[in-house]
Amino acid sequence: MTLVQALAYFTREALLNLVRGWKVSLLAILTITVSLFLTGVFLLVSNNLGAVIDGWRAESKVVIYLEPGAESQAIADLEETLRQAPGYERVALIDVVTARQRFEQAFPSMADLLEGWGEEPLPRSLELSLTTERLQDPNLGTWLESLRQNPVVMMVDDDRDWLDQLEAVVLVLRGLALMVGGILLATAMFTISSVIRLTAYLYRDEIAVMRLVGATEFFIRGPFYLEGLLQGLVGGSLAIGSLWTIFSVAKSQSTSLLTSILASEFLTWSSSLGLVALGGLAGLVGAVASLSRETLESPKAEEPPADWNEEDS
Amino acid sequence: MTLVQALAYFTREALLNLVRGWKVSLLAILTITVSLFLTGVFLLVSNNLGAVIDGWRAESKVVIYLEPGAESQAIADLEETLRQAPGYERVALIDVVTARQRFEQAFPSMADLLEGWGEEPLPRSLELSLTTERLQDPNLGTWLESLRQNPVVMMVDDDRDWLDQLEAVVLVLRGLALMVGGILLATAMFTISSVIRLTAYLYRDEIAVMRLVGATEFFIRGPFYLEGLLQGLVGGSLAIGSLWTIFSVAKSQSTSLLTSILASEFLTWSSSLGLVALGGLAGLVGAVASLSRETLESPKAEEPPADWNEEDS
Amino acid sequence: MIELYNVTKRYPGGQLGLSDVSLKIAKGQLVFLTGASGAGKSTFLKLIYCEEVPTEGNILVNGRNVSSLPRNKIPYLRRTIGVVFQNFRLIPRKTVFENVAYLPRILGLDRKNQKKLAYETLRQVGLAHRINAFPVQLSGGEQQRVAIARALINQPEILLADEPTGNLDPELSEEILRLLLDINLRGTTVIFATHDRDLITRVGHRVLTLREGSLADDRELPGSFYSQEADKTGPAPSEEAH
Amino acid sequence: MIELYNVTKRYPGGQLGLSDVSLKIAKGQLVFLTGASGAGKSTFLKLIYCEEVPTEGNILVNGRNVSSLPRNKIPYLRRTIGVVFQNFRLIPRKTVFENVAYLPRILGLDRKNQKKLAYETLRQVGLAHRINAFPVQLSGGEQQRVAIARALINQPEILLADEPTGNLDPELSEEILRLLLDINLRGTTVIFATHDRDLITRVGHRVLTLREGSLADDRELPGSFYSQEADKTGPAPSEEAH
């Protein structure tokens, strides 16, 4: 039998098994679907949350308050220094008027307060935007400290508190993500291999008979492996399909903060295909794992005897 | 056969089945363990996160800035009003000196700034702590607005922004919690019933023989139900046990922010027992569900015939 | 008393199992059922213990119409019928003892009496020494004898034996036959489906012959082995099986 | 050529399956294997096709020691041996055709020839009309004949038949016997385990008798049915089974 013939045989057998044992197959497929759906939901939410957090990060700025009497040239020099700095993205000068406007906007009822103070009640400042990488750079602190040595700089407010808080949230979320994701995947694999192992139990008499009438392990296992693979692929596709359906409905029906955060973007094509492939892999691995333990009471090989009549494939 | 005898019979049969089909039982138990462990991890993390958030909430205060020239009597009256307010917990007067100290502590490099301003550069304020329920009360806004009418009040800073942000985070977390938790539970139930259904397939010939030799459904199903229940209870206990082990190790080994947030408190006794009970219930429901479909090709009842020789239990 | 009125059984695939069979079997009778492979013997028996439902006609067992028996009453019918299945149908996860004592057990007999009864019944089929084995650990004939013991243990009103000696050597077949005749003498109606013409001609009694589902022949054969009447004095001697 | 040298088989439970059996069966021989229930007939056959491993002694099939055959070589041994199992062992999820044509199929025979071969073999056992049925849809005797057809389809070098006529009526038994004799005439070594003394005495040939695992008797019986030598001219006439 050629390999092509063998593959044709496996396919036919696997499809027949799927159809004839459709109840069990359905169970296996649905289990895979549920596991992968869960993994998919998790991926989706995690990706979208990640995007939200990245947005927050990008908005964070370093504010450099300037001494009241600082000269324009000194400020321009400072701006130039900032432009040369690593991770530089943008710098903007907030003059006295803008600063006052902002304060009045943010705290309208406290506007009177400014009246009592001098002619420059709020200092001018330079708002520096940095790249995300630079913001996460542990050396950033030292550099900001060095900026403070500049005589025109009164104070540097580097959003350190805010970033620290954000950091904590991100850490918690990523930690959760890793944990839940890992456990989910492990569960999915475990469930799938449980189901396929049970299926192998279900058909162990059948397998024993095949052995007794002279089938090699290749011909016995092939169809089961293919069956596992097919179940996994179908399960994965169903998972992606239902995830997409729910995503679309959620997105079109609701405009709440929650959905906008959690369901703004669907999984990429490669993630989707990856999930389906993962299903297939899980099914295949499950099948291999569940059949590998099945040992036949056979004589231990003491010496390799002469070949029997023929070998296949 | 009395009910006690029947229960003794079920127990013996169920235990025998568990032992004789130990591979399949182990598979079922481990599946339940994994599902419930996952649910437990989720509960644990969610509870601890909830506690952290509640802590943040409790710290949030309403700050009532007072007009520079406000009289002590008027302030005392205002304090009294606040004490009468619903959800009142604590009120503290922050005088000029304290306000200044706080500012200098928070922004040491900006301390000079205060020099240029008048003799009361920062206003006095009343810090009002409210109960969590009151803070979540939608009517709070109106009440705070009414406070502003008071002539001694310059401004009311009610942490609305901070609370809104917190609200969003809480909403996201609770939403995630509900979703993941719901899906997890559904998966656990589904997995358990899949496994028990497969077990029923595995033993369907056996069940058919029991029917053929005259066993009633009561005697056929009883042991299976009990088996499911036992599997669920054992699975649940294993889940709680391993969760506790991991929790203890994580708590003793690590001092990072993540573990301090996620693993500060273990599940309560009632949650733990609830999880074990849930396992038992899942096993039982799985068994019932998986056996209910099994129909026997039997004649349809046209008229209820006279009783046969005897009835049991 | 078993009565069949124009009973036809057509299987879902279109196969004719039984075709328009009418007959009566009196209480306490011993009846041989014979016919070629596929003639409908097993179908006939399956209809009586309600494993299959007739497509047409009615079957009365002790005056009750079993073809319209509600599902929850079937177990009580089956408890009055002992069946030796052609393919044995032992429960693989139960030992010989548990298989044989299954019915007494769920009827609430205490363990000591279960053991006693099972041992006694297994002794009669020559298998007492294998009481704690599992079915897979038995030879074909041993499994068949376990199936016979299970059918006999509860002293059923009706005994349906489907080819109960197919896997037994002649000596054991004789033993089993004597056992069934014995039980028949104690009042149990026995229907014995078999291909063994030798056995039938030696025993005699009523012989039903099926051919392609129809009742081709229903006659009383004079037996030479030992007849219902002649043997009231005690069992006939025979060589031991082992 | 099958050779047994002091073969003992003790089952894990302590049961003695076969005890110190030594014998040779020449290529092309027809051998009857008989003995009481539990005497070790099935064990004897299982050892030859490697379902069980001997506890002691060696078994040589065509000069190869099958008791120390590595697991991956066993299938190739089994393909040269046709086995009619005592409990049939049909694959429930496969049709009669698929069961019978299983080995030709995995050996790479194309579908048309599979069909032809299966049909031809099933016709010989009188089951061609049930080719698309599933095993559960067959009567006991029909299942047995499917098992026989499966053992014959690949024209094995050795045929092991474990009680192949236990569920068949005398006419069919005769047909099957003639089939096996025929195959034997074409060079296949046949070991035929049976309780049917009648059949053995009619056919003759070599008869092995087991008693509690030991070879109690090994003799050549003169047969009256038709002997290996006398029948080279063609099959003897016999009544049709159906």
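Remarks
Every chain is named by a letter (A, B, C and D) in the order it is written, and numbering of its residues begins at 1.
The definition used in the following text is that a residue touches a chain if its C-beta (ideal position, glycine included) is under 8 Å from a C-beta of that chain, and two chains touch if they have at least 3 such contacts.
These numbers come from a predicted model, not from an experiment.
Under the contact definition stated at the top, no chain borders both subunit B and subunit C.
With respect to subunit C, maximal separation of chain centres occurs for A (centres as means of Cα atoms).
Averaging Cα coordinates per chain places subunit A and subunit C 66 Å apart.
If you average the CA atoms of subunit A and of subunit D, the two centres end up 61 Å from each other. Averaging Cα coordinates per chain places subunit C and subunit D 29 Å apart. Because contacts link each chain to exactly two others and close back on themselves, their graph is best described as a ring.
Every pair of chains meeting the contact definition is listed here: A-B, A-D, B-C, C-D.
Interface residues of subunit B, counted against subunit C in their complex, comprise 1-2, 5, 9, 16-17, 20-21, 203, 206, 209-217, 219, 296-312. For subunit B in complex with subunit A, the residues that touch the partner chain are 23-24, 27, 30-31, 34-35, 37-38, 41-42, 45, 49, 65, 68, 107, 109-110, 112-113, 116-118, 121, 123, 148, 154-157, 168-169, 171-172, 175-176, 179-180, 183-184, 186-187, 190-191, 194-195, 197-199, 201-202, 257-258, 261-262.
Looking at the complex, you find that subunit D touches subunit C at residues 11, 13, 15, 34-38, 41-43, 86-87, 133, 137-142, 144-145, 162-163, 166-173, 195, 197-198, 241-242. Remark: subunit D residues 49-53, 64-81, 83, 85, 89-93, 102-103, 105-108, 150 touch subunit A in the complex.
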